[in-house]
Every structure is written in structure tokens, then in C-alpha cells.
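Every chain is named by a letter (A, B, C and D) in the order it is written, and numbering of its residues begins at 1.
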């Protein structure tokens, strides 16, 4: 038993963090709210150059042949910076199956997450349904744009037309689990970032002649959020390991990860806003970029309630 | 519209409070834990002398012919002092129907509250079932004693033998609503008392060189408990009025009262214990007398969950 | 105790309901926190005023109907049940007006209130400053006496001014004895402010809209550079601004800002949303249903708690620190209500177009509740210290 | 990352499971917090010791098995799954022993630990005093040097001493430079205490049992009147008691006091209770099921968080302020688990006889969790200040 990442995994994570700190600053996310694509192209190019997009692709297809366990920390980083890119759909779902390669990206929709994101600038469109996986080039698909509270998330309802399934239901299941895992990891990063921003803020902001971070109420809010995150992370890492080893209970493990990371991000967002006060309630403060991404991802790929119900079925229904 | 008690109602409440402050002190409740009956006879005698037991009995039967609205504040007082007596069963249920009179007392059981309390020293035993109300003298009934976490609550499983119903299902419904109302009122009194005891304690107790009541965490715990109580009381008073006027929605109103007062007492108990710290965790501190009564009453006559489900049926199931 | 409304009250309810049924704009107006939306809302306010529904509880000679507190509550219940527009005039009619009624001269009342009732004057609140939010006594914007001109000259900055980008007037606190504050003594901090009423369309005033969480310009920063205010726009005494302002923050937390009708209506709509989701094929979720029931019970609890308060106010009691419990309760209830809607909507919750968009907007709006009008952390301190009597230090 | 246990670890798990299956007393022992119950528990402790299961992680020459931290976790998982008795020796083996391993002399280790492992010596904790609970540095019990006798003379009072009424020994802090404390300076308060190990069966010691919430004499007040303690019963240096004690409170909050196995087993039993209630005719309650699922997920989260911590400890890391998060988490999880059981039991929850009585007792026990070993309010301060770096003042 050894429940910790390797030095190499941490080092790669750190390298990606450094690159994203330069290419996906809050200003870049704001830019994505306003540009035509909702995306951050230099961050995407950098991730491609570092090999992140191809990490899970098989080596025979020019990929690195790595596993969910190797990429989970990277995905956490993409949450930390609110990366406005379909990294989960591309690196975790489409690239490993050969549905995209190079710098191309993919958009995925499914019953629990019925809108594709950034679909209009993706090369491939993937839908996961009860009878299997459908994949089509973007040009052959009809898109209807919808608007998200997160201005960087360009949402689209997808009409695949008469495309037939190209992969069986087992692929649907694997793709779904990978999507849930990736989203969980991003939520961890978002939660961590919101707590960090808030800690920085309450150490500086003064009211009543003292830093507001000295008030016990503020301390306890943040301690609760940090504790919730502390007990969310391990379940996401464990779910990554379960997927990597094709554990028979992987489905349950990713559900647990999503429950815990959704709730952790939800609490972090509430606490962050409350401790920022009115300043956090303006879009001039960066907090909202992370908070709104959290609101969206908490409910994407199955909300906490939905996954709890899935677990309840295995624990209770089979009496 | 006038949602407030009359001066007379307040004055009678105050008079009862004064009497109970003398006859049902914490020492009297402790005595009930240890004596043979679990009861506080001098408080019971005083309540009889003041006419409380006969408040709802018809005037033709020597009662005062008053309503649930006249007694609800009194019942709150019996909660405040953790009165170990079947006052709800007697004054609110049995006496109005003529099933007991004088200083005699009654014990009631029903599916949602399957044990009678103090049954072995009651004159009459009442069971509420789906086909009506059964009433029998204690001597004709078989009792099996059970043990409650509240040492003053002498519990009994009741076997009525072949007693036939003496009152129809409508009486069951009325008796049930009255029992729920009375229990809600007692829970309000218990919550109020636990908050009061804790306020007194944290104003005196010092740690780190200051009164612990100056800590924001302690303040916020107590403010939350007090606020919860503030928004529980009105629903109990409104339910009393609805019963008194035989409002068609009285059943829903008493359910709302029980939900809110159970949750208020539950929070008050948690907060009281946490703010008392280890001192509250000993039976030498009076807190446990009130806390354990709360634990029992929160779940008696239908727990909050049960009543919420009843309300959900009327709000949702009839689509 | 008498839990029935009188015949005339029921009559009033019917009239209000009927009028609203006919007049409430359908589809709903766009957000009042944008320039075009604000203009549409002012039309609605004018319509309310013309029907004498804009300020029902005011004296009839000032534009109201002399409605009792009970009638006001009835009006509010009907107003929100009818899904009528948010009141863009609310900071004037609910926060400033009670203060003018209490502290204003008869002349000020006649001069200011009718135009407020009609929406000709719209009022925003100038409390917070960049370094004085929860700590209101820490403001530094100041007013200097200009005796020759018969008034005062204001300088400084206000911020988080709701609808400041659209309103014609601002009411707020300015320091009139800066040296007292600089000395730092607590009494000095509180007793050196004056409550001013300021026309915004004049030289020296700069208003910069600030985007709220939902992207609307719902906030503003207001800068004052040598702005003149005549003496007759001082509310209450000079240097008595703090106690005058406290009366206003009392209203803000207490009865008027968020009447129970609002939450009863939201709870109703939440129940309907839940039924619709089931009717359109969603699974029945007992757990969510239970939580919706609890939110509905809480809205009812707020209604009846208010009925108790109103009874006592009618009997002549004053409202006190209990209003802090009210603010805690409704602000947290509002967040729970909207969260439940988002939970029902699942992956559709993030949409800000289409049929459900108003729920996300309402959630964003609700999140402000625990922050403004004194953060809930401050309110809990108030409840502990003034309701329960715990020691300050 | 490698999430499998080794063959030898799995082998160890099988051996433990087998031994427990055969040996765990059935029916369960009565509470160990009564005199007769304590005696029965000591028999069980002796049985564990004879099978070398009482202190698996200790060196074999002191009564253990040199088990790794992983094996210790496995042992704990199996122990609680088997519903084996509470460890009445826990304050010795989990709290004092780690301190003796770190600060004790080799002679003290040889002299004290084997008797602790066998249950011949049972240890209770003498931290709190009537006026020093959360504020441990506020203690006033004192020790005065008796150089001629080669030791110290203790005076004062300890309270809330778990199982103090039954134990043979007490470990605790006593002030050895009272004047430093009286000066009130903070460093003085912390640097004038010594950690003593005290035999209780001797003149001058008076033990008074105090009833816990559940009615058992689980607490004691211990009075010291000129009680002699020889020099070889001082743990760590004279006047260095505070830092020695802090090492113990670290264990109390961290790994050893409440291993994940305990909550995993409780969550399992809660799921079974829920199934039984349904099987015996109770309605299926989705809302309660969801909350049970959440509690089970939390128990799993605690398990994996611990696996991460153990991996880092094995790598040579030290445990830090993160242990405060662990204490917050398990203590609140424990309360939730027991509350859910009471909710399932409804009106049967109050019973303390019959088949379900252990749930109410476990609830009462769980309620102590957020209070002892440093209240959760203090733990939140620690997390905020030492994990997140917020300012103290």
C-alpha cells in the first residue's frame, strides 16, 4: 500500500502549474468570456506542447500511454486556474480512444450533462447514450447555442442526426467514469483556489481596525471549507487509481469522488463569497470566475445527489 | 388579525410558571429519576389546584371549557421545567373527553409513539389506533416496562387485551393532533430553558482569561439556536389556534409545529452541550435533565421527518 | 388571538389581486438593474403610483392609501404571488422613507415623499465606502460647512451603491467633524456624522457603474468632488447622522425590506417547479421533496413570526434587536430556496437563457442577502449581545 | 501509488480476523465504565495481550509485534468490524505510550510499557482542572520538589479524568514553578509545568467518580494532597511538561485515538440497521438513505485520507496541524452516524434497554467527540491559524 503520487507525477504537476500560471491567468479567463471562442488558446497550445493532451493515448498512436492516475493532478491544476478548455473531454475521453489527436479538441454530451461545451470550436463531437458512443466531426452536427452563467463556457445542445454508435456501451461507461473523474479533479482545484484567494483577502482586508481574518467567525468558515476539501481529495485520487487499474468498483469510486468534490467546491464558493463580502459580489473581483465554474461543474456529469443515489442503489436496493 | 395572547393568558402562564418554579425545580426532576413513580407529585397537585388539568374539560363536567389556545403557553412552561408528569395526555387529551377527572392522570400510546409514559401510576390507559380510541382502567391492562434515556420517563408497552374502541377515528385524529401540539409546546419550553442555562453559564465561565461568552464562536452558536427558536414558536401558537377553531388544515398546522419545535430543541440541545463543554457532559450538571427530555420528545408523537413526510403528501402526492 | 382578516382587509386583498392580475406585465420585465430595464420598471412604478399602489401604507396626501400594517402585508403577499416586478424604488420607499417620516421636517416630507412615491425621484443608498463596509462607523467621506451658501460641500467616495448608476438621488452619511473621527475614540467615530440627501445630477458627482455577480450594473461607485448640498437636504440634526442612519438600518433588517410574501411566493413556485419536473418525466426525489417542505414551513414560520411582530407594533411596541434574527432567517431561507431550485434543475441550472434562467439569477440575488444590510456574522453578534445579553468583550 | 496490501499484510489481516471471530466476547461486554464492566474488559485486555494483539505496533520485547503502521490500521479495521470491545486501556496505549516512546528513558520504557500492554497498569489522563479545560495552560495543580526524598510532592485537583475511578495510574501536568504562572506572562504559563506519572493507590490521593451523560462513572475527579512521586516518574525534563504534553495531544487528535476502522464499521452497521428496518416492515426512506450513503462516503474518505497520512509518515514526514482537521472530521462524522441511527429508530431511539440500546449509548459517547481532546472550536482556530496561516490577533 502506498497512497501517494510519485516524485515524477508531482514534478509534472508542478511544471503544468507553472505553465498555466503564465498562460491561464484570471485575465485570460476574462478574455475567454469576451472572445469568440470562450477559450484560452495559448494555454491549450502549451498543454499540447507538454504532451498533456496525449497522455492517455496509446503509445502506438503517438501518445504517452499513461493512466488516469498520471493525469488527475494535472486536471486539478486546470481547475485551479479555471482553464476554459475541453481538457477533460479531450485528454481524458477522446484522445485515449483515438477520436481526436494533435491539438484538436472534443466536446462531449450525455444525459446527465446534456450540453456540450466549446463544441463550436471542437474537431469532434461525442455523445454518450444508453446504446453506445456516437462520434462525429463537428461539421456534420447541428448545434444550438445556450448561455451559461459561466461566460467562458460556450454551451451547445447537440443534434447528431443519424450518426450510428461507433463504440459499445462499455465504452460509454468508461468515458462516463473518466468524465466524472476529471470533473471531480477540476472541482478540487477550484475549491483550493477559492480558499487560497479568500485567505489572502482576509489577511489584508481591515474592518473595525483589525484584519478580518482575525475574527473567529471568518476563521471557522475557512477552517470548515479547508477541512471539507481535505476529505474530498483522497477519494478523487483513489478513484483515479481505481480507473487506472480497472477496479471492479471503479464506478462507485468515481461517484464518491464526485459527491465529495462537488460538496467541497460548493462550500468553498459559499465561504469565499461570504468572507469577501460585497467586494466578491462584483465581477471586478476575480472570485466570480472560479465560483461560476464551480456552480456549473458541481452539477455537470451528475450532481452530488445523483451520484449519492447511484451509490444508494448498490448499498441498499439489492437487499 | 391579532396574533398574540391576551393579558389573561399571559397572566395565567406567569402564575403557572411561578408555581412550577417552586414545585418542579431541577432537584424535583432528579427526584423523579430516583423515586418509584418517575413523577413530581407536588407539581401535579399544584397544577390540579390551579385548574390546569381541567382547563379543556367541558363546563358541564366541572371543567373550565377552555381551548388549546388557552393551554399552549402552560404546556410550554411544563417543558421549560421538564415536568415529569403526563400533562399532555391528561389535560389535553383525556380530561376534555371525560376519560379522567380530578387529579387522575392518563397515559397514551399510538403507533408513532408506541410506549405509554408513567402508565403504571395513571388511572386510565388510552390507545389511539387506526380503528378508533380504546380506553381502559390501568388495572385491566398488561404493562411491560421499558427503560428510557430520560430516567424520569417510565415507559411501558401496553397490552389492552380485548378492549373495544369507545370513540371513533375522528377522536383518534383529534387526540393525535392535541398530543402533537402539546409535545411541540413542551419542546419550545425545553429549548428556551437550555438556551437560557447556557447563556448564564457562558457569562460566568472563564477560559484564556476571559468569559467564554465573549468568543464569537460561542456567540454564534447561541444566536443560531435562539433564531431557530424564534421561528418555531409562532407555528406552535398558530397550530393551537387552528385546533381551537377546528380549522380544516389543523392537521398540517400541528405537523408544521412539531417539525419546527423538534428541530429547534435539537439544535438548542447540541449548542447547549457544546458550549457547556465537559461540565455539561456530566449528570451533575442539570443540563442533561432537559437534554434527554428533548431527545425523547423530539421523536415522540412523530419525529420531524415523519411530519415533514405527512406535509409532503399533501403538497406533492396529490398532483 | 384572532387569526382571521377583517372583511375590509379581505376586500382590500381582492382588489389588489384583481388589479395585479390585470396589470402585472407579461412576460416579466427584464432586469431593473440595466438602463433599459430600469426605464421599464419606472413605467411600472408610475402605473402602481397612479393606482395608488406604490406606497400603500403612506398617508393619502403623500401618495399612499393610509393602509394599516396588516394591509401592507396583504399587499406584499399578493404582489409577490402575482410575480410582479422587483421594486426598483425599494431603497427609497422602504429604507429612506421611514427615516424621513421619523426624522424629516414636515416641509421635507411634503417636498420629498410624493416624488419618491411616483418614481420621479429614485433613491440609492450611500453607506459603504471602500474601507467601511461592515464597519460603517469607519467612513471617511466628509462634508464641510459652507455658511455663505447655506449648505455643505461633500467630498469622498461611496461604493456598492445599489442602482446608483440609474437613480436620481442618494441618501448617505458623511463625516461632519473629521477631527473627532481621527482621534479614533469610539464615541467620536459615531457622533461626528450627518445624514445628507444628495441630488446626483449636478457638478462634482461622478457615478461609475459596477457589475454585480449576475453581470448587471447593479452597483455603483459614487465620487463626490466639492458637491453642494443645501441645508434643507440635511435629515435630522447635524452630527446626529449615526442615530438617524441606525433607524434606517433597522428597517432594512426588519419588517420592510423583505416581507414574508416574497418567500411564500418563492416556496410556492418551487413546489410547482418540483411537480413540473416530475410531470415531465423526472424521478420523484423524496429527499429533495422533504427539503422543499422544510423551506415552505420556514416561509410559513416567517409569515407567522411577522404577524406576531405586527400585532405588537400595532399595540405600540418598538422593534428592537430581534430584527437581526429576522434578517438572518430570511436571508438564509432565500439561499436555501434558490439552491433547491438549482438542485431540481441539475445540469440545466447553469443556463441563463430559456425557461429556467430566472432561478440562477434569483440564486445570485439571494447570495447577497447574507452579506448586505450588515453581514450575517454581524447580525449573529447582535443577537448574542443584544437579544441574549452576552458580553461584548 | 499502489493500493493493494502486500501478501504478508493480507495474511496478517486473515490471522487477526480469524482470532477475533473465535475470541470476541458474545454477547458484547457491558460498559467498561462501571466497576464490574471494567474488570471484564481487563480480562479481555489480558486475552489480547496473551495473543500479542494488545499493542501490535510496539516492539516485540515490550509486548507488541513490531507491526507496521499499515498492519496497525488493518488490525483496527478488523477489530471494529468484529464488534470487539472498546479498549479501556486506550488512554495508556494510544496517548501515553507514544509519549513514553518519544520522551521516556530506556529504563522507563522497560519498566512501564510491558505492564501497560498487559493491562496490569491502567492509565488515565490528568489534564483538565475545574478552571482549566480548553485553556490547558491555565492549570494550577502543583508539584514541589522534595530533594531529600528524591522526588516531588503533588497538590491540587484534576477533573474529567476518563476512567479515573478504575485506573491504577495517572499521567498529567503539574506546575513546577508556580510563580512563573502567577506572573501571568504567556511564556511563563507554558514553561513552568512538568509531566508526571502517578500511582493512584497511595496516601493523599482521593478519587471521586463522576457520572457521565450516560450514567456510567466514566469520569473522575482526582484530588492530590501531598502525594509523593519519585524522580523516575518524571517524563521528559522538569519544566518541559508543556511540549511533552503537546506531543500527546497530537496523538489524541491524530492517528491513534480514532482510527478509520471504527467509523467504517459503524457505517456498515448503520446500513444493516436501515435494511433491517425495511425488512421488518418500515418504509424505505430515500432521504435517510441518502444521508447514510453520505456518512459511509465520509467514513471511506477518512480511510483514504489516513492512508495518505500513513504513506507520508512511513516516508519520514511528521504529523502537523492537519491533525486538527482529522479530529474535526471524525468527531462530527461520529455524531452524524449515531444521529442517523436514532432517526431510523424514531420513537424507539430513547430506549436504553433491548436490542437497540447501544445506539443511544453510542450517540451519547459521540457527543463527547466535539468537546474533548480540544473542543472543535479550538481545532477550527488551529486549522485557520496553522494550516491556512490566518493571523492570531
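Convention: contacts are C-beta pairs under 8 Å (C-beta built on N, C-alpha and C of every residue); 3 or more make two chains touch, one makes a residue touch a chain.
All values reported here derive from a predicted model rather than from experimental measurement.
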item	value
Joint neighbours of subunit C and subunit A, given as chain labels	B, D
Relative to subunit D, chain with the most remote C-alpha centre	C
Centroid spacing, where centroids are CA-atom means, of subunit A and subunit B in whole angstrom	51
Separation of subunit B from subunit C, taking each centre as the mean of its C-alpha atoms, in whole Å	39
Where subunit D touches two or more other chains at once, by residue number	285-287, 290, 377, 380
For subunit A, residues contacting two or more additional chains	215-218, 220, 305, 309
Graph class of chain-chain contacts, one of line, ring, star, complete, other	complete
Subunit D residues within the subunit A interface of the complex	1-6, 9, 70, 271, 274-275, 278-279, 284, 286, 289-290, 292-294, 296-298, 300-302, 304-305, 307-308, 310-312, 315, 322, 325, 328-329, 377, 379-381, 383-385, 387-393
Residue numbers on subunit D that touch subunit B, as the complex places them	128, 131-135, 138, 159-160, 210-213, 215, 219, 285, 287-288, 342-343, 345-354, 360, 364, 367-368, 370-372, 375-377, 380
Subunit A partner contacts - residues on subunit B that touch it in the complex	215-217, 220
Subunit A residues touching subunit C - in the complex, by the definition given at the top	112-115, 146-151, 153, 155, 206-209, 215, 217-218, 273-274, 277-279, 281-284, 288, 295-296, 299-300, 303, 305-306, 309
Complex contacts: residues of subunit C adjacent to subunit D	285-287, 290
